[in-house]
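Letters are used for the chains, namely A, B and C, taken in the order the chains are written, and counting of residues starts over at 1 for each.
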Amino acid sequence: MNINMEAFDQFREGVSRLPEMIPPAPEMADDERVRRFKKTIIESVAPHQAMDLETCVHCGACAEACHYYVATQDAKYTPIRKLDMLRRVYRRELGPNRWLHKLLTRDITAEELEEWQELVYDSCTECGRCSLICPMGIHIQDMIIMSREALASAGLAVAEQRALAHEQGEKDTMFGMGKDMFMQGVERLRQSGLEVPVDQPDSEILVVSTVMDAALFNDAMEGTVKIMNSLGRPWTMSTCGFEGANFGYMAGYYEYRKDASMRVISAAIDLGVKTVIAPECGHAYPALRWDGAAVYGKPFPFEVLAISEFIGREMKAGNLKVKPAFSGQKVTYHDPCKLGRMGGVFDEPREALKALGVDLVEMDVNRQQSYCCGGGAGNFIINRAAPLRAKVWELKRGQFDQTGADTVVTSCDSCRINFMVGAQDTHWEKPIESLAALVGANLAE
Amino acid sequence: MKKDQTVGEALRQRGVSRRGFLKFCAATASMMALSPALVPKIARALENARRPSVIWLSFQECTGCLESITRSASPTIEDLIFNVISLDYQEVLQAASGTHAEEARKAAMQENHGKYLLVVDGSIPVGNPDYSTIAGISNLDMLKETAAGAAAIVSVGSCAAFGGIPHANPNPTGAVGVSEIITDKPIINVPGCPPIPAVITGVLAHYLTFGKIPELDHLGRPVAFYGQNIHDRCYRRPFYERGKFAETFDDEGARKGWCLYKLGCKGPITYNACAVTKWNDGVSFPIQSGHGCLGCSEPNFWDKGSFYRPISAGMWGTPEGLAAAAVAGAAIGVGSALAARSRQKKASEEEGA
Amino acid sequence: MSLLDFARGPALQWSLIIFVFGVVWRIVGAALLMRTRDFSKARVSSGDRVKGGVRTILTRSVPPETFEKRIRFQFITGSLWHIGYFAVVLLFVPHILFFESFLGFGWPGLPNPVILVIGAITLATLVALLVRRMIHPVLKIISTADDYISWVVATLPLITGFLAMAHLGLRYETMLAIHILSFELLLIWFPFGKLMHLFFVFPSRYNVGAIFARRGVRV
């Protein structure tokens, strides 16, 4: 793996010290918390969610899809249970039988909301696997997103994510890293002889990056730049819209989410590009591709592609060629939940890997049913959830081992971090590579 | 016939052999599910019984019940036994008419006060008692005055037992059965439209033998004859179980003698002896002839919907009613949703989250 | 009016009115909340989204192997008792006549002994699943009163139907009346509990299928 392990250790260190640096959450009275939680739910529930909440028959199948339940066998992680606060507010305040539920369904309390913080944040990565198993067809995942928004409005977003969302929203930095770190990454690449257009007008394509790539996953950034340069089409990065990650989106702060998304959207519009490419950062893709137009208020005048999606498409069109440099090597591909199941990108990464000549071995559970890495939706920075993530790593590691692959390839920084943490802690030696890095490093002359 | 002749003397006078008489007693015993050991007792009792006085009153009736009893191709033992009761009043069979008939009734009532058996067929109009009168006396009054001195009452036929056809909706005469008027005498209901002849004579024979009324069910019917339902004794039951039904009256199933449930047979909820004792000396009964049981020994059998409507069919009410319920539900649903939406709108416009 | 006349007559009419009224209210009340438009560019045409939704209505009944091996017990028993229950309701001749009197048309049925066996298996499965709900950690923690009430209300017609058909318990016409009344209880409870999933399962499955189809994901 061509990444700076020192930087990785520093990053882990930094995350573990976050709690001491975070200011305490603002004080809020219990009934104010309850009021705000209810308000967010009331204004957000859509008809398909209402009908979903009416349909649950308490069959418990969702537990069997959730990697946290599967890894721990602890019934409290049952996905539909994570929605209990939301469900009760819906039934008592909005549902057609609210007259009955005012009598029969208990009202929510601030104590319960505090208890539910762990369920909605630590033990849910919004991966959507539960939405696939539910026999009733309940889309549990998008109601978890609503639950986070409601908890955040009640001042109960988990501390680390609250801090990062606030920092990114107010200062456009994450972990203290912002435009400067981004430009450092650009400069490093320029010094190694690569052209990296930044803020170039008359570009067709805007490539969004992330400080995680600039600081840590340099290989992905380098690979992306090389790929873009090889295509010969006018492309650029932007100092206004350089960050694909969106902590407001993950933590449930709508305003911060909007701020982060609008930076990228405005940059794209100002530059007049036709295509925006999201970096290898899990939620960055759905935040822009599927949920970005909601904050913009209308359809985008450009298309959005994930870098792996873009790679596959260009390969199919014959514009991008790679050397079969991994001929014969056994490789398995991990489908990140936000890119695959929630994003719709499955085939393009596989096209790219095949072009690289790998012997692709699929995991027993893959594609839209793939198990989440366990740290998505910003969970990898929740310190108290580390033991929980360690259990999920055991599950994933078992899957990797079963394939007999020498290398794990994925297309998401978040997955990469989580796997690397697990590998480091359990002395698991195999490399966890980035698809963009591999493709970029093996372009055909 | 002399009034103080015993039944045994009367039978011998008519040429009924001892053997024939014992056969009748055995048949009666078996029909009432009594032990064969009781046959000698029945024989002795009947032989020595004084011919009891029986007064038969007919009210709002079609005379079908009387026809049922007396119908026979050739004189039967039942017929003979019937003739050895002292039938002191019966409007169809008696020779007298007019004031003589009424005098005969009054005389029998006086002579046998407290001991005569009152048999009633037909319902009694209480809505307006003048709907049915005999010799200027309303049925209601005649019943009350005659019941006063009776030892027991036998309500023959569904009309006397439960009100029958006249009682059917809208019951313009306010017709009721005997037991709704007389409450201080033992009453045996022998319903059916008409009842099986052997059932009537069996009940009388029981009374003559034991001097008391037989065991009755919750509707006052003798359990011996009305204790099991038609469905349980029906010879077509295996076809019900196998799911083989006649769909119309002339189809293959009908001709093959399959179950008549789909054609409205009320056998499962009807209690009578038809499937066992049958009619016309055991020749047949409605189901055997290819028509579903009407349920004629049950109260209100005229008002349970069509005879041809299966038991499991519901009385659904009108489609308009359901349409109204759907419209009302939609209206309230829309109202509920609109109210919820306005809450949603208000919440999204509110500050403070 | 006898109990049977009451059960077949006014009780049926009123319970059906409550059923229709309650069901329509609940569906309309949930379906008409505020909706938002999705401005993101769909991966597939709207026709394909509809197809995705309809497809999911059907395929959600049979989980893919990855999931099936984890939920095998509830998948098999759940399917078994649902199919058995509907078979008893729809293929027992007296029931068919019940529906025929309402719809104006009927259909062929199964012989009574077959219905008896299916009904017995269904009842045994229901009892097993009730026990499971009471002892399985996941089910224990998420179950509410509604789950138990709905179980009782749904199972009573099966039990009383058995008793009536076998001529056990009270006199036949009384057992039949009780059986019909237990069905009417089911009708009255239906709009207020989880039995409504009979109706809601269709829009729910459709929506999850269409939402994911929009993103190019087959679920």
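Following the convention adopted for this analysis, a residue touches a chain if its C-beta (ideal position, glycine included) is under 8 Å from a C-beta of that chain, and two chains touch if they have at least 3 such contacts.
All figures in this text were calculated on a predicted structure; none of them were measured in a lab.
> Work out per-chain C-alpha centres and flag the one nearest the whole-protein C-alpha centre.
Closest to the centre of all protein C-alpha atoms: chain C.
> Which chain pair shares more contacting C-beta pairs: A-C, or A-B?
Of A-C and A-B, more C-beta pairs in contact link A-C.
> Just how far, in Å, is the C-alpha centre of chain C from the one of chain B?
43
> Counting only Cα atoms for the centres, state how far chain A is from chain C in Å.
From the centre of chain A to the centre of chain C is 38 Å.
> From the mean C-alpha coordinate of chain A to that of chain B, what's the distance rounded to whole Å?
A distance of 81 Å separates the two centres.
> Give the residues of chain A that touch two or more other chains, as numbers and ranges in rising order.
Each of 45, 94-96 in chain A touches at least two other chains.
> Where in chain B do residues touch two or more of the other chains?
Residues 333, 336-337, 340, 344-345 of chain B each touch two or more of the other chains.
> Could you list which residues of chain C touch at least two other chains?
25-34
> Under the touch definition given earlier, write down the residues of chain A that touch chain B in their complex.
Within the complex, chain A touches chain B at residues 36, 39-40, 42-43, 45, 93-96, 98, 153.
> Could you pull out which chain A residues touch chain C in their complex?
Going through chain A, the ones touching chain C are 45-48, 50-61, 63-65, 69-70, 73, 75-76, 78, 80-81, 94-97, 100, 104, 131-139, 142, 289-294, 296-300, 303-304, 340-345, 364-365, 368-369.
> For the complex, which residues does chain B have touching chain C?
Counting only chain B, the residues touching chain C are 229, 231-232, 240-243, 245, 261-262, 268-269, 299-300, 304, 309-317, 321-322, 325-326, 328-330, 332-334, 336-338, 340-341, 344-345.
> In the complex of these two chains, what residues of chain B are touching chain A?
So the residues of chain B touching chain A come out as 333, 336-337, 340, 343-345, 347-348, 350, 352-353.
> List the residues on chain C that touch chain B in their complex, please.
So the residues of chain C in touch with chain B come to 2, 4-5, 8-9, 12-13, 16-18, 20-34, 93-95, 97-98, 100-102, 109-113, 167, 172-173, 176, 180.
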